[in-house]
Structures are given as C-alpha cells and as structure tokens.
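The structures considered in this document are given below.
Both of the next two complexes hold chain A, though its partner changes from chain B to chain C.
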Partner chain A sequence: MTTAVTRTALPLLAALLVAGRATAQQTDPRLERLDAATRPTVAALVDSARTAFLPTEPLVQRALEGATKRASGDLIVAAVRRLAVDLGHARDALGSTASAAELTAGAAALRAGASPTILAQLRETRREALTMPLAVLADLVASGVPVDSAAAAVLALAARVRDAELVEFRRAVERDIALGAPPAAATAAAATAADVRVNAGARQQRPGRP
Partner chain B sequence: MFEPVDDVIERIARHLRRSVEIDPALDGRVMREITALPTPGGATALGKAWGWLRRPHQLTLTPLGGLAAAAALAVVVLLYRGDSTPPAPTQAESRAFQFVLIAPRATHVSLVGDFNDWDATRTPMRRTGSEALWTAVVPLEPGRYHYAFFVDSSRWLADPSAPVARDEDYGAPSSVLTVGGGS
Partner chain C sequence: MRPAAAARHVWTASLTAATSLLAVRASATQTTGTVDLGVSTVRYDGFLPSGAGSLTPALTWRRPGAAVTARGTYLRFESGRRSLQGLIAASLFTPSSVLSHRWRGELSLSAGGSSYADFASFWHATGEARLQFVAPGRGAWIGGTGGRTSYGRAPRPVAVAGIGVWARRSWVTVALSATRSIIGDTAYSDVGSTIHASRGRFDLDGSLAARVSSRGAGHGVYGEASTTVTLGERTALFASGGRYPTDPVSGSVAGRYASAGLRLRTALLRPRASRDPQPLRRSPANGDGGADVTARLDVQPASEGTVRVVVHAPAEATVEVAGDFTDWRPVALRRAGEDVWEGVLRIPSGVHRVNVRIDGGRWTAPAGTAHAEDEFGGEVGIVAVP
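Take a look at the complex of A and B:
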C-alpha cells in the first residue's frame, strides 16, 4: 500500500514542482522590449523579488521606463536592482502587511534620505494607509526640505490629517519655497497652518453650546 | 402391586415406536419465524444509523452547553457569509486624473508613465481649447506613479505642476503623482 502510494505520489509531486517552477519563471512578456542581454538579468531580479514576496510591478515599470528612454542595459539593471533593494528595506521598516503602494512610496522616501526608523514611526502613528504621508515626505525632500524637518512635519501631521490635507500641506510648502522662503521654514509654517486647520475643524465638529 | 420392569420398558418402547403425524405447514411457519428474527450482530452501519435516526431520543443539554452550541453555529454562519462575500473590484478605487501640458510649438505629445507601461503610443494627448494646451485623462488606482511628457517623439518633459521624481535613474526628467487611498 505504502509503496503504491509512493509510486503514484512522487512523480505527481515532481510534476507539480516542475510545473510550478516553470510558471514562476515565465518571463513577463512586456520585458521583451528590453534587449536580449538585459532581459534575463531583469527577469531574474523580478523573479527574486516575487520569491521574496515583494511587489514586482514597480520593477517591471522601472525597466520599461529605461527601455523607453533608451537607457543602456547596465543602467536599467542597476536601477531595477536598486529599487528592489529599496523595496526590501521599506518592507522591513513597514512590516509584512504593507501594501504594494505603501512599499513603493516607502522606497521613494528611503531613497530621498528618510531613515527606516521614520518609516516605522509612521506605521505606529497612523492607522490609515501610509502611501500619501510617505510620498509627501519624499516629495518634500525632493523640493529641498531637509529630511529631518520634512520627517518631523509629516510625523506630526500623519496621525491626524487625511490624504487630501497632506497634499495641500505639500503644495503650500512648495509654493512658499517657490516664493523664496527657506525650505525648512516653509515646512514649519505650512505644518503649523495645517495643524491650525485641523484643530479648527475639530472645534467645528463639537456640538454647539447655548 | 408392582409391574415387572421389563413390562414397563416394553410399553414405553411401543409408545415411542408409534408414527407421529406432523403438520405439513410446520416447515413454512418455522422459516417465517427465522426470517423475522434480527440478525445477531450482522446489521450494517447504515442500517443501524437509519434505525437510530427513526427512533426518538432524548437530548439533555445544560444552559452553558446550549449557549456554546449556539455560539458555534453563529460562528459557522458568519464565516460562511464572510467567505461568500465577493471582494470589491479594484476598479472601483480608481479615480480619473487629468494631465495638462502647455506646449505651443509641439505637434504631438504623449503621456508616458508607470500607468501605461511607458508605452508612448498608448496615451496620446489631445490638443484642446487653446492651441497650446494638451490634455489627457487617465484612471488611476491608489499608488505612486512616475510619468513624463514625450514631445514630438524626441523630447522628454517633466510636469511643471507636479513634484519632480528624485529617484530618476535615466537622466531624462520625470514627475511623480501619488494617488491616496487604499491600504
């Protein structure tokens, strides 16, 4: 009986493993746009990310961006590898439950200079999705705001404001910078204004008194 | 007085030697009785179960046991209902975004980015209103997107109204758009 089961089950298991591996190794057809020398390396990076349960779509898009912009194969491979590493670090900081959008935004924030500790603090601070706070953090740093100032402001706001208010905060900072304000000062002023707006909104929601 | 023993034995022997009349229907009655008897230890499990189901039973349950049974039933029902609820389609989360570029001298502009596989043929922008205004509307789900304008199939332009992509790897400028929501 045991021998019969073994004789049946082992080939079946082997076939399943081979089929599963073949399926996993199927190259994304969109990567056909890469040159023949670059494609296998990028496909291997994508497969590795998939095995590590990281989102693969950002990696594919980064490679396609390089192909469309006629970047060299080496540049494309380096960009995809760097993004994969950043996504892994973002996942370490944000936790295994982080969505693909959060990981992508987290990778951008890390690349901008935010520390993994800041990402972890944001996770503890905010119950809602972290995509927008992380993106605003990355965008502020890209606008010239020092990482510490941007992180402090976003951390202070993230617990209490909605995505739309974070976007408005970022626009206010960029507007003030464009008008000549020092980035750190513009960030502090916009954060204070956003905080005032949030408090005013909270007061308005209270029931009126006679 | 007493009969001699041999006479007594002789009479008994004669009595036993007489032929006995047997009812011809006896065999049939016996076989019917045998058929009607329950098979000793030979009932099938299905037969036993069927017999158990047809017999009335008395069930004794403590109040605590009753509550536990009700709670278990409620959990099963809730789990079933939870599993049977279809997931919300992701398309419901997408929102339309309008991209605008002012390019007076352009003859053709494409919107290219993470949302269309960086394919310059997929999202051509339309010249609307003013001759200089190019627009395109794209539905986007929550996420962070890199994109750029590809002008006259030769020039890359970032969106002047959006943050610049700091993690630009290829030299040509890109912008970023973050769509909130989702988890």
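Take a look at the complex of A and C:
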C-alpha cells in the first residue's frame, strides 16, 4: 500500500516542483519597468509570496508605483518586502480564506496602526467581505481618528450595515472633520447616526402617498 | 391630508416628476431640496375615484444625530378644488455616550396642517420619544407620542404608545410593530409589519397591517408597496400603491391609491468637503518641476463596473492620474469644465492607491483621499471604491 502511494505521489510531487520552478522563472513582464539591478530582487520577493500563497499583484503594483515615482531600487525593494510581510500578518489575522482584496485592505489597516486582534474581531463579526470595513478603518486612522475609536465604530457597524452605508459613514466622518470636528467625536456621531438609520431607513425612502 | 370633502372618490393614474432644487452646505450639516410634480390616482373610502395633479416641495436638513424635514403638497383634483398640506418633522438622537452601549434615545417632533378648498382644515403638533436597543442585525424600540390635533373645532389630545422590533439580514430589513392610539374619543390599535429591501438600483418597501379594537377609526387590513429604481446619479423611477387606513392625527381619510413617477436628483447632494485643503506638499521622490496646486479627487460609480474619476484642479494643460488600477501608468484626463478634469476608468471594488499629476509636475496625493506615506519619500492617496 505504501509503495503504491509512493509510486503515485512521487511523480506528482516532481511535476509540481517542475511546474513551480517554471512558474517562478516567469517574471511578470510589467517588472521590466524596473531597473536591471532591482528587477531580480523584486521578482524573487514576488515568487516567495506566490509560494506562500500570498497575493502577488499588490507587490507588483507597489514596485510599479516606485518605478513611476522614480524611487531608488533600495526603496522599491524595501517597500515590496514590507508589504509582503504586512500581507502575511493580515492573512494570519483574517484567516487563510481571506481574499486578495481583503488581505490588501487588511495590510493597509495594519500599516495604519490597527492591531491584528481588531482584524480578527472583524472577521468574526461580519460574514460578508471585509474589504470595505478594513478600508474604512484604515481611512479613519489615516484621517486622524484614534485607532481605538475607529475600530470601535467599524466593529459596531460592520455586522449590520452594507458597504454603501459604510462608505456613507466614512463620508460623514470626513465631512465633519473637514468642518472642524475632532476626529473621534465625528466618528462617534456618525456611527450613532448610522445605527438609527438602519431602522429608520425604510420609512424615509418610501414615495409619498397622493 | 385627505379632508372629508376632498374625499370624493378619486381614482387616478399617477405620474410624478420630481425636481431637485438645491443642495446647501452649512457647518457640519447637509441641506437638500426637492420639488415633485405629478398627477395621482386615489379613491377615498365611500367616494368616487378622482385624479389629481400635485406639486410637492421638500427640504431636508441633516447632520450626524439629527435631521429636520419640511414638506408641502399642493393637490388639484379633477373637480378643480385644491388641497394644501404642510409638514415639518425633526428627529434628534442621543449621542452614544449618553446611554449605555447599545441603547439609543430618539426624540421626534412633528407639526403639520392641511386644508381642502375653503371649508376643511386640520392641524396637528406631536412629539414622540423612543428608546431603541440596537444590536448586530436586529433591534427593538418602545415609545410614546403626545400632542394635539384639530379638525375645525377644539383641539383633541393625542396619545400613542408603541413597541416594535426589527431585524436585518443582508439587504432586507423586516420590522414588526404594535401601537395603541387614543385621539379624543377615537381609539384604535394597529398591528403591522414592514419590509424594506435595497439592492443595486432597486429599493423595495412593503407594509401589511391590521386595525383592530377601533372606535371611530375603521377596521380592516391595509397594505402598501412601493419601489424606486435608480436610473442614474440624478434620476430615479418610482411606483407605489395600496390601501391605507384613516389617520385621525393628520386628518387623512382611508383610501386606495396608485402612483408612479420620475425623481430627479442633483449630484451635489453630498458635501464636497476637502479633507486636505492645504496646498500639497512637495515630495522629493516624486519627480521634478511643476507648481504646488491643490487638486481634489472624486470617484463616482458609473455604469458596468466603471468609475468616473473627477479631478478638480486649476491645471493649464494636463491632469493625469496613476494608481494600482492603471498599473501605475499615467492616464490623462479630459477637460470637462473650468478646473474640472475627468475620465472613466475600470476600477474594481476595494482599496486603491492613487496619485495625481498637474501639468507634468509632481505626483501628489489629492484631497478627497486619505493620505499616507508612500514609502518612496512622498505621499499617496488611499481611496475606497464601493
């Protein structure tokens, strides 16, 4: 029995290794925009991410961003490496089933200052995709809202509101901050408003009777 | 209002056109106005059907935790008689710090009046307090209403007690409620349910209720349904119909109706607050040349997975955007007006990094996005596309 399994598994493993090597050797043509010294290092980082089943597109995009901005090779490599680490941490927090978009948003939230615990709580709280809650969380923190306040608001809303309402919530916070409200207060006020709109929304949207 | 005299049987085919008038910004507030024009079909209980043309202006003022709505309706019936209605309503919600955790308080005030021809008029003024429990995906409330109402004679006291629950799953919200109303010597109970569903361009509402234990306000089962279909950023179609009960508070008479119409909206309903109105900072790694100018980015969902990217900037020749949705290749926007540049791009839902370049200058993070260090010595804008 063991022999039979080995007889089947070994060729399969060999094929996978060959295929993996062939894949690894195929450098994304878009990376041709990097200089010759930087390209192999970035390509290796992308291959490592692929091997670890992390999304590679964000890494390629980060490298292309550096190229467009004429950043030095060292800066580009450092940025790509840092993003790969963040993506790994995001997957640890969000679980292996997280989509590439969720991991990208999660990495941005972590980079903004959110803790892995907050990401894990979001995963437990919301059954739908987490991309938008994570984006809003990162956005709020970048706007100056303390991490704790932003996380509390997003966690409270994520379970029961749709993406569009989260975007509206973010806009309300953005508007009040721009008009001078303290970021934490603006977040709390908008979260309260979003709470009650969940219940009152149906009454407000109905066309009037004649 | 549906005054008794106006309650001449009216069946109407209804077509309503709505015109948004204005969008005014005030400190931390948003004010919007609309005007609806149309014709309606209605048949009040015990009367013949009739058609009516209508004009309905409305004004809404909103800020986080508070909202005020003023609405008026001018109806002109087939007979040539006219009806005027006006209503102003306000809601105020307690901040989350006032009550513990999942509890919220809501105070609502409503005042309105109506008249039909020269011989029937109503007015009312009521206040309602609700205590709301809001949990993930569900909630409940208990509340009471008090006030006065009048129909051409001495005002009558209004007292209403109610309780309700609601639950939300994905894009559907279902609510159940029960109320007991006492208006002077009239008393009745309503037990009913509502459903609201919103998905994509469609909003659906339905209600089914029964009036029981009634003294002077009728009995029976009532139901209404309505749908709104968003056609574009500024237009929507709606249709509604059903049967509703007498409302002794506002003076409306039980009837059946059907309506359909067109609603026009303005794109300026949302304030265009700039998150970073200061001139953009120079970035040593972002290239060379170019003046410091303030650019503001708006992203607006367009059709079939595309997004309209609008940049407001005083550029002379070119405005370009680059982001992870363009493989960081510059995409030139076309001039759409004075200091307005736009393009339609295919951008998937999610979080995106973007920069803007004016007249070949530096890549800068535009206002209207969250700014973050780009790790290349400059800044990048972070924008979420729903």
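Note that in this section the second predicted complex is superposed on the first by the 180 of 210 C-alpha atoms of A that agree within 3 Å, B and C clash if a C-alpha of one lies under 4 Å from a C-alpha of the other, contacts with A are read in each partner's own complex, and residues count from 1 in each chain.
Definition applied: contacts are C-beta pairs under 8 Å (C-beta built on N, C-alpha and C of every residue); 3 or more make two chains touch, one makes a residue touch a chain.
Keep in mind that what you see is a predicted model, and the values were worked out from it rather than measured.
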item: Side-by-side fit of chain B and chain C on chain A, or clash; value: clash
item: Chain B versus chain C, judged by how many residues of chain A each one touches; value: C
item: Which superposed partner A:125 touches (first chain B, second chain C, both, neither); value: second
item: Chain B versus chain C as contact partner of A:96, first or second or both or neither; value: neither
item: Touching partner for A:175 - first (chain B), second (chain C), both, neither; value: second
item: Listed stretches 2-10, 20-28, 56-64 or 128-136 of chain B, narrowed to the one that overlaps chain C; value: 128-136
item: Shared chain A contacts, counted only where both chain B and chain C touch the same residue; value: 30, 58, 61-62, 64-69, 71, 75, 78-79, 82, 101, 104-105, 108, 111-112, 128, 131-132, 135-136, 138-139, 142-143, 163-164, 167, 170, 174
item: Residues of chain B touching chain A in the complex; value: 112, 114, 117-120, 142-144, 146, 156, 163-167, 169-172, 174, 176, 178-183
item: Chain C - residues contacting chain A, complex; value: 12, 14, 16, 27-28, 30, 36, 40-42, 52, 54, 56, 64-65, 71, 73, 75, 91, 93-97, 104, 106, 132, 134, 136-137, 139, 141, 166, 168, 170-171, 173, 175, 194-196, 198, 203, 205, 224, 226, 228, 238-240, 244, 252, 257, 259, 261, 270-271, 273-275, 277, 285-287, 322, 324, 327-330, 348-351, 353, 355, 363, 370-372, 374-378, 380, 382, 384, 386
item: Footprint of chain B on chain A - complex, ascending; value: 30, 58, 61-62, 64-69, 71, 75, 78-79, 82-83, 99-102, 104-105, 107-108, 111-112, 128-129, 131-132, 135-136, 138-139, 141-143, 163-164, 166-167, 170, 174
item: Residues of chain A defined as touching chain C within the complex; value: 30, 58, 61-62, 64-71, 75-76, 78-79, 82, 101, 104-105, 108, 111-112, 125, 128, 131-132, 134-136, 138-139, 142-143, 159-160, 162-164, 167, 170-172, 174-181, 186, 188-193, 195-196, 198-203, 205-210
